[in-house]
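I have a structure I would like to understand better, so I am pasting it below and will then ask my questions one at a time.
Letters A, B, C and D name the chains as they come in the text, with residue numbers starting at 1 for each one.
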């Protein structure tokens, strides 16, 4: 474990945070400087400083140097459309990622939050293919992927998936589109049967439409769920949830395409609730 | 994407599911056979069959051949203690995993659900170190890790973490113990400052104790949260949540160790709620 | 406050609870006796005993004498159909009950949980009218209302509400039916305009149908919500939610019929969330 | 049901709502007028208008005339302190209100939201006693009670409950104070044994302290819960929860004082979850 020294080195990606939670994520480069609203920071002053230590601008303003995680990065992605949030992303990764070397397809690219998370998760031997028919959105996703140096793992197609996916036998496929129920034949053609399909949808009506189409297109093990994340005020003597929370980002739908008629062998779908109950 | 053929091959890991959600996960091996409650399945009959297709035992009983995901695997781990569930695992991975090649420490090993997920996430260039003072539990974790062939990525220490961790400058550290507040000096010694620390705790009292200790031990950006997962009955014309759900598995706590006194530069902790709100 | 003596009197309604939460609710009557699975209790032995004290059967088995609340009663109603639960009942009462002396209409009668709660809430000067086209269900409701001595406050109509309600200018109206969207003209004819209408529905599809019909039938201030009740294990040193909880009983919909076209003056409906946020 | 005419009469309490959800609740009085930000409304113009109809100011601005419910009133109470919200109020009423004619004690008076709801619920034959040691707060509660004409049903005591309650054998008692665990002997002296006690508390630490004190002071059937209210956007074709919601107002605690030692006959407390599950 010696390859992670306790001081900042050129090339390290560091997150600087101030007392108002203002954050900067930057890659250290000798000679470069960061302009903040509270003064200038010379990268050379950061290099050699200890991780976790306090850094001060020429105006005497303080930041603390933290290691950015994927979670931090995702929350600071440039957005041009609603992004998928970490509470869903982690769950999607577990459901879809069949392991390293997997090939995963997504549509649309959106702002690239899921693209980045998938590219991060499939590893250097895996691959992500991202479809969007809108060039402007896909350019945002592409730039976000490049910011992480993950572009070797991602292929972007500017293409309407109504025309079908180019790939065959993909390991997983995720749709973040308003009308995923329209593209299930295309999904079946691209995704290896038995492999995980997922979608995120904001409204109950869309969920109904998708579940109906999944039933008609030989998908099995249909699972519909939502995740609620509640934060607490971290005050030991007065522990309590925050006053307000995010009530909804989207419903998640997962299913597996199976051979024609094979779904009947699985019986009616039922929620997997009992499978995951505490022992 | 040609390396994933649409038929089952020797060496493939397949999940067989029947109409009652009974599941078998097995690695195909020419000549082997699987005894089920509903008859025998010869691996050779499976090899060459299509993914997603219906497989029939010699008694005429049907299974469908699906690709198991990490999610499926985790729900079928052999358990000897309460495991961390997928809804938390995905979120923990996003918070902790600093990327491929990361070194992550966990204690205790428990039944190994988190060990497996971490080993899966850090990739072949990363490493997981898992501590437990109980050999019997750690043996369960070890066997679960081996089932996935992930043992090259995991080092097990049978050791009380009160005596300290062996590692230095680790990239992330997670505690699944009843009393994590007792071991924060040890955590600081093992974890690179500025890097993510996490814990899961069943009771509010434990959360209070941990948050108080984090405050006293120069940890910053303390985040306390819980995740609720609600399933829906996947019936298009009668979409509704299930009757009952899991109400609680645990509270999650995340924080970063920082240099002594540096936390003051970050101001009082506040929940990150606004950071993650829909735009 | 002298009219509530601290000892049990003939005519008092008492709830006897044992260590397994087995409960009996009975009205004390000199000379009567209660047969339990753990022995006989003579009412005369109860009369004169202190409220809150331990009562022992002739077999030495103990009960504690508690004052039953409406909540206790509702949970022990004889049921022949799904009942509305206390978490919803209290909220419905606040939304619907325009005060003492109010006239409230409900359909269907169901098992009478809402009938009882409404009759209790409108007071002796108010009145509840309960419709059901099924005599068998209504008989259950009627018996439950009689058990509380509330029958002077309730009129039962065995009648299909498609034929219209008999009443005019009612103060509130609640529908617990599968298809409330079919009866909104009848609701408008029976309910004084501007007064509260409510419904409970298990599925999202039914909610969509009802909201669409409300829009088309000049109802305004449409509110759709759900209530989640989470219990905690009452252990001071290990405070935590229960493992499992009820995930769903029903969606609640509230609205007000207004004069034709008047709804336009209220603008588009929006959820009242901000109105009720903590200050 | 003829006593509720369909037109507004002098003495009627009406709620006027505009398109921005601005609301006025007023009692109609011949000759009076209401000054709004959008022009003047003469009560005489309202009298005789139909309930639910559109009313226009002299500036041409529209309101709709609705019947205010207790729910509407509570949301528009003058507040000087955090109030208890309708989602909790309805549930508290069901748990505490032992029927008409009941005597209920509360402390502190706060802004009077609970006082008003209790006075409304106990009916004309019941009585509410409200304690607060702060005159300024109690004056707000008193004015709110008077606004509803409920003052004949309420007695206010400006008194520290550490000195005890004046009453004996009350039917129910509710504490909305930061430290209810300090006053349980006083509660036992005032509340008839076996009758419902309740409290609302914002933090988990306070809940732990109260539950411990309840255990030590011979209270049984301890129940701890929280209520979450989630609103939906009432759009039929795009039904979905609101983006954000109230995450927490308070934990509710209920219990019954029993005779000394009688609690042992009830066994350890357990959450009533199963009692209320859907059938």
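General observations
Rule of thumb we're sticking to: a contact is a pair of C-beta atoms (placed from the backbone, for glycine too) under 8 Å apart; a residue touches a chain by one contact, two chains touch by 3 or more.
Keep in mind the model is a prediction, meaning the values are calculated, not measured.
If you take chain A and chain B together, the chains in touch with both are C, D. A count of contacting C-beta pairs for B-C and for B-D identifies B-C as the more extensively joined pair. Centre-to-centre separation of chain B and chain D, using mean CA positions: 45 Å. Counting partner chains per residue, chain C has residues 204-205, 207-208, 230-231, 237, 239, 242-246, 277-278 touching two or more of them. Across the interface of their complex, chain B is touched by residues 1-6, 17-21, 50-54, 62-67, 69-71, 74-75, 79, 82, 85-87, 89-101, 103, 117, 120-121, 123-124, 127, 167-171, 192-196, 204, 207-209, 211-212, 214-215, 220-237, 239, 242, 244-246, 249, 251, 253, 256-259, 261-263, 265-267, 269-273, 275-279 of chain A. Across the interface of their complex, chain C is touched by residues 204-205, 207-208, 243-244, 277-278 of chain A.
Contact residues of chain C toward chain B in the complex are 202-205, 230-231, 237-248.
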